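The same chain A turns up in both complexes below, where it pairs with chain B and then with chain C.
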Partner chain A sequence: MALNVCRRLTIPSIASLNNFQQVRTTYVVKRRNPVGLTKPHKFASLRSKHFVYDTVEDNQTKPQKMLHVLLRKYVEDIGQAGEVVPVKEQTGRLLIMTNRAAYPSKENIERFGQDVNEQVTYSSKYVVSTMQLLSKFVLNISMNKDTPWTLEPWHIRSSFRKAKVHVPESAITMPEHVITGPDMALEGKEFYITVTINGKEKQTVRCRIHHWATNLSEKLPRVRDHWKFPADTIFAEDKEVAKTLPVITPPVLDEDDNFKPPVRRSATTLK
Partner chain B sequence: MSTVSNGYLAIHPSIRKLLHPSRFKIHRRQWDRAKVAQLPIEYQKFYTEWLDSEEKETPVHWIPRTEKWDRNPETGEVKPVQNEPYIINYPVEMHEGIWGGEGVIQGLVKRGKWTSPVPKYWTPTLKRSIVFSEILDKYFSVVVTERALRLIDEHHGLDSYLITTPAYDLKSLLALKLKRQMLMALLDKNFCHKNPTRQKELMEKFKEYLIPRAELDWYGLSVVEAVEKEKQMKEAKQDCTPLKVKLRQELFQKLKQERDTPSDSQAEGVSATTTSWMSKLNPFSKSAEAR
Partner chain C sequence: MLGSYLFRSVCMEVLTKIPSQPSFAKQLITPIGSRGLFAIAWKRQNCLDGDDLLKVTPKTVIQHQVSREYAARKGTRTRKAAKKVKKVEEKRVFVFKQHRKLANLPYVKQRPFDDSDHQAAVDDVYFHKMFRMKCYPFDVAVQNLRETHHPTMYNVPNAPLYLRINLDMKYPNRATKCMDGWRSVVEMKNPFLLDGMVRPSVLAFCMEDVDYIDNVRKAGGADMAGGKELIKSIQTGDLNPDEFEYVVAHPSIITDLTAIRGLIKRKFPNVRNRTISVDLVAETQRLKSGIKIHVETSDREPDFAFIETPIGTLDMDGLADNFKSILRDTLPRRVANKDPRDFVISCVLKTPGNGFEEFKIELDGLLEEIISTKPS
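The block that comes next holds the complex of A and B.
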């Protein structure tokens, strides 16, 4: 496992373009000793002292300038089709090369104006990346092991908050069946909720119930990396919903790692 | 904008007319000059635009002073401001990429008051990048500088940058050759076949920058290439077949004609002439007749 982590650290993250910030532009130099006046139709008499230069503009560390581009398609985290947005030079050039954007000249705005209206629009520029993030999400819902409860939207909101995702209660749609507990049969099993983004886009999210006790002796044993492995669903009809989400592929383990995939104890064995 | 205010351009135009032009001749690239003088006028025009118009170049590595006069703060003496251009070297490798007018500066650096100046080269930072040409409909992987990429962005594309920028600013032969291809395509209307409306737009956009075809044939060639082209054109015009081949053919034709048309009157005439000719030469025949 440690080896894997080390490998990951050594790989440069090319995925985000923001890593390439520096650009190296032109050198500009200046004479330390100015050249004297020359008569017309004669060349200046240059001595070695006239070639002593001072560097006026260094090209080593210059921040990237911003390039304004006209988007032809919806681009994740950058903008909607038809918008003129400032992006970093390198990002802008990549977008233009791949026909996702164009230079914002009058001519181009006229040219690509018709295509833009036919595009699919989203409620915000961050919608697609948010939906991608949520589709891969495995939300852990910690419920009490001792006191009885029924699952409500605020439970899910607070567990989202633990995972650093802020979701209002109105955006959460609960499953059709009511889930009550504590029930050891539900431990580590999946059910699905729907999150509505900006009242428009809908995304189903995986949730797994975990029973939690304050007393140390009553706590369930720790299961390592349980979110990296697939689990069973609580309701049989949910299996079709699960197919719409990206499949959880278990990680490839190192040979020297003596980790075993999590095996949940059934309710009977716990008692 | 003229960057050179000394020498040729410093003189008032009315005086400039009176002086002999050989006074302002820059004796640089002598060997090239001798060759270029023998090449056609079309190439000479390109050569002057490319290498001989140094006063028109946009300064890349130095900032020219814009004010006309300068007053000495201590003495109050007023002197004219002259922008002496900086000497910048353009290596051979520049012709394999698009550097946006950048070059190598060779100079000295004095790091302390009591230290002697040390040589230093300021070289451009090169990188390989991909540029796209709409007219040629191709992606090129070329060595570029950041300045070149920024110039392309300012001009809204590679086509516009190459076509609108004159040869003295482009400098590299690769850029000039691409420019030539683009202008050729514009002249022949050999681009954007799938989208005729776009073709019209581009034709309208670059209408001012079109060059006549005779000049375009010689555009973007180095001196060596131009000399080679001239040589090949001359050879193509010349008829290099040796004289003995020509004469032999003529003789053959003559003989054939004689063989094909052996009329009696001609044969008689030939025999008559031969006898008369022989009789003139040979003295014994005459004597024989006399006997």
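The block that comes next holds the complex of A and C.
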């Protein structure tokens, strides 16, 4: 911990703006062996035992106080432009330093009042982060392998819920084409839906169809980490839509990452 | 070498110690021989038995009688023997290595994580991870599970539905005291049978009335019903009461039943379990359609317990009534003056196997409603 602090003090880096701030840590210490009285105009005679200290207070582990700031721009998960919000001290100072916030004084409110009104507004403070998460998200829709089906909005809603994402049925707009199955040509292929957040912001989401068999013996072989690799689209015109989303870059596997099931030695090989 | 050295030194000591009685020393040395002298000296010094040192027994005997100062104090041996603690070897039960590993694993606490401090969701689209867990009304939770088990998706429309009730077992205003678990049979308003589940068998002792016995057998569903002739057949050994899970009786026949109390043993009907009753039809129905509830507790976490029971299958109606009847059984078990909302931490609905989904049920006002209304 201490080493880390020293490093931060000595090598200021601009890579992370958090490191740009002065480290605000104080230790309040007390001598374990108190020094005796000294004669006037003379130094105290200090021994090595007098340099042993006990910590009385450590500021590093203290919870940070809340700081009220006036936001000059929309900040993700914190608030809209023009709002006065309580934030932790460190984030507050960072926001002020990067011109995204100011201290909520009367002069500042007058100064930035006009500027604030011209800013882009969103329906809520969490919208941008959910849109970012949804753009990288790959929704798995497991449909039955044996019974015939046509894809409906409630299928997508329940698959979202399985992935711990809450999406109401009214927020989902389906693709133009009707998707029916079971069809093994669709297995592992992509199509796109749009999710409307708070009836305002729209975000396209990747969906992939997987065929689920109820019996264990009929199940399709497992594909490892399928959501980390790009897949083909079902419809040809969707390829343009795919370009608007962030590209899926497949992970670089380690050399020794070729997973193979362990083979048991039979009695004949052992000699 | 060492022995001879010792012997010599002790001999010298003895000789130096008794210079005032030279004649006595002479007498000692001459008849016993040097080895015998050593033994005597050894005894004097250490108050120990030096017999083992006398490998060669002296041929001559001491002529003078000597007072036995050197004898070991009485009770020394017994006292030392009593001091010794006997090591009792613990009986080791053989356990397979895998099982031992499992037993030594650290205990994982069962109490669910309290996320009431988390912020509630603001938008209509959000990731559950960031916010407080959503509570669903009972009907909506069941509907959600029906969707995932629909023929077009998992295709298990008749999947069994399980309820888990998390309970706080602490006494109010007490630091350490906790409640014990319990077992009970809860009547299901809409009875069901899961795969591998068998209805319990019931033996009914009724009063001497042919119509009544017939009614208990048909309407109640008792496996066997009868009067005094049943008692006789048990006494003769034709009928074994151990084959039945429950025994119910009418109060009029109890005096005759006491004769076979030793044969029925623990299943003997009593008032507290409601197995002695005037209305035998209702009681047999209760036991037949009942679900056995067992509260899971652990010594490592005495302030927490949970119940896990099936309450029906997904495709049947009246699941809410079954859910309420289980709550109606559990809520009165709480300690007096404990708030029901503190007692029931949460209720969770789930299906075993491929569902993986769990839904927390909204309990606002439901617990109070159940306490205030009497069972119909």
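Please note the rule applied: the second predicted complex is superposed on the first by the 197 of 271 C-alpha atoms of A that agree within 3 Å, B and C clash if a C-alpha of one lies under 4 Å from a C-alpha of the other, contacts with A are read in each partner's own complex, and residues count from 1 in each chain.
Heads up, the rule we're going with is that a contact is a pair of C-beta atoms (placed from the backbone, for glycine too) under 8 Å apart; a residue touches a chain by one contact, two chains touch by 3 or more.
Just so you know, these numbers come straight off a predicted model, no measurement behind them.
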Original post:
For A:V252, is the partner it touches chain B (first), chain C (second), both, or none of the two (neither)?
Top reply: neither
**OP:** Using the touch definition from the top, say if A:V29 reaches chain B (first), chain C (second), both or neither.
**Re:** first
**OP:** Answer with first, second, both or neither: which of chain B and chain C does A:V178 touch in the superposed model?
**Re:** neither
**OP:** May I ask you to decide whether A:L67 touches chain B, chain C, both, or neither, giving the answer as first, second, both or neither?
**Re:** first
Original post:
Between chain B (first) and chain C (second), which does A:V120 come into contact with in this model arrangement: first, second, both, or neither?
Top reply: neither
Original post:
Is A:H166 touching the first partner chain B, the second partner chain C, both, or neither of them?
Top reply: second
Original post:
Residues on chain A in contact with chain B in one complex and with chain C in the other?
Top reply: none
**OP:** Over in the complex, which chain C residues touch chain A? Could you list them?
**Re:** 121-130, 134, 144, 147-148, 151-156, 356-357
**OP:** Please give the residue numbers of chain A that touch chain B in the complex, ascending.
**Re:** 23-32, 35, 37-38, 40-44, 46, 48, 51-53, 55-56, 59, 65, 67, 89, 92-93, 96-97, 103, 105, 107-108
**OP:** Under the touch definition given earlier, write down the residues of chain B that touch chain A in their complex.
**Re:** 6-8, 10-11, 19, 23-24, 60-63, 79-80, 82, 84, 86, 102, 105-110, 117, 120, 122, 124-125, 130, 132, 139, 145-147, 149-150, 153, 156-157, 201, 205
Original post:
What does chain A use to touch chain C in their complex?
Top reply: 123-127, 130, 133-134, 142-144, 146-147, 149, 154-155, 157-158, 161-162, 164-168, 171, 195-199, 212, 214
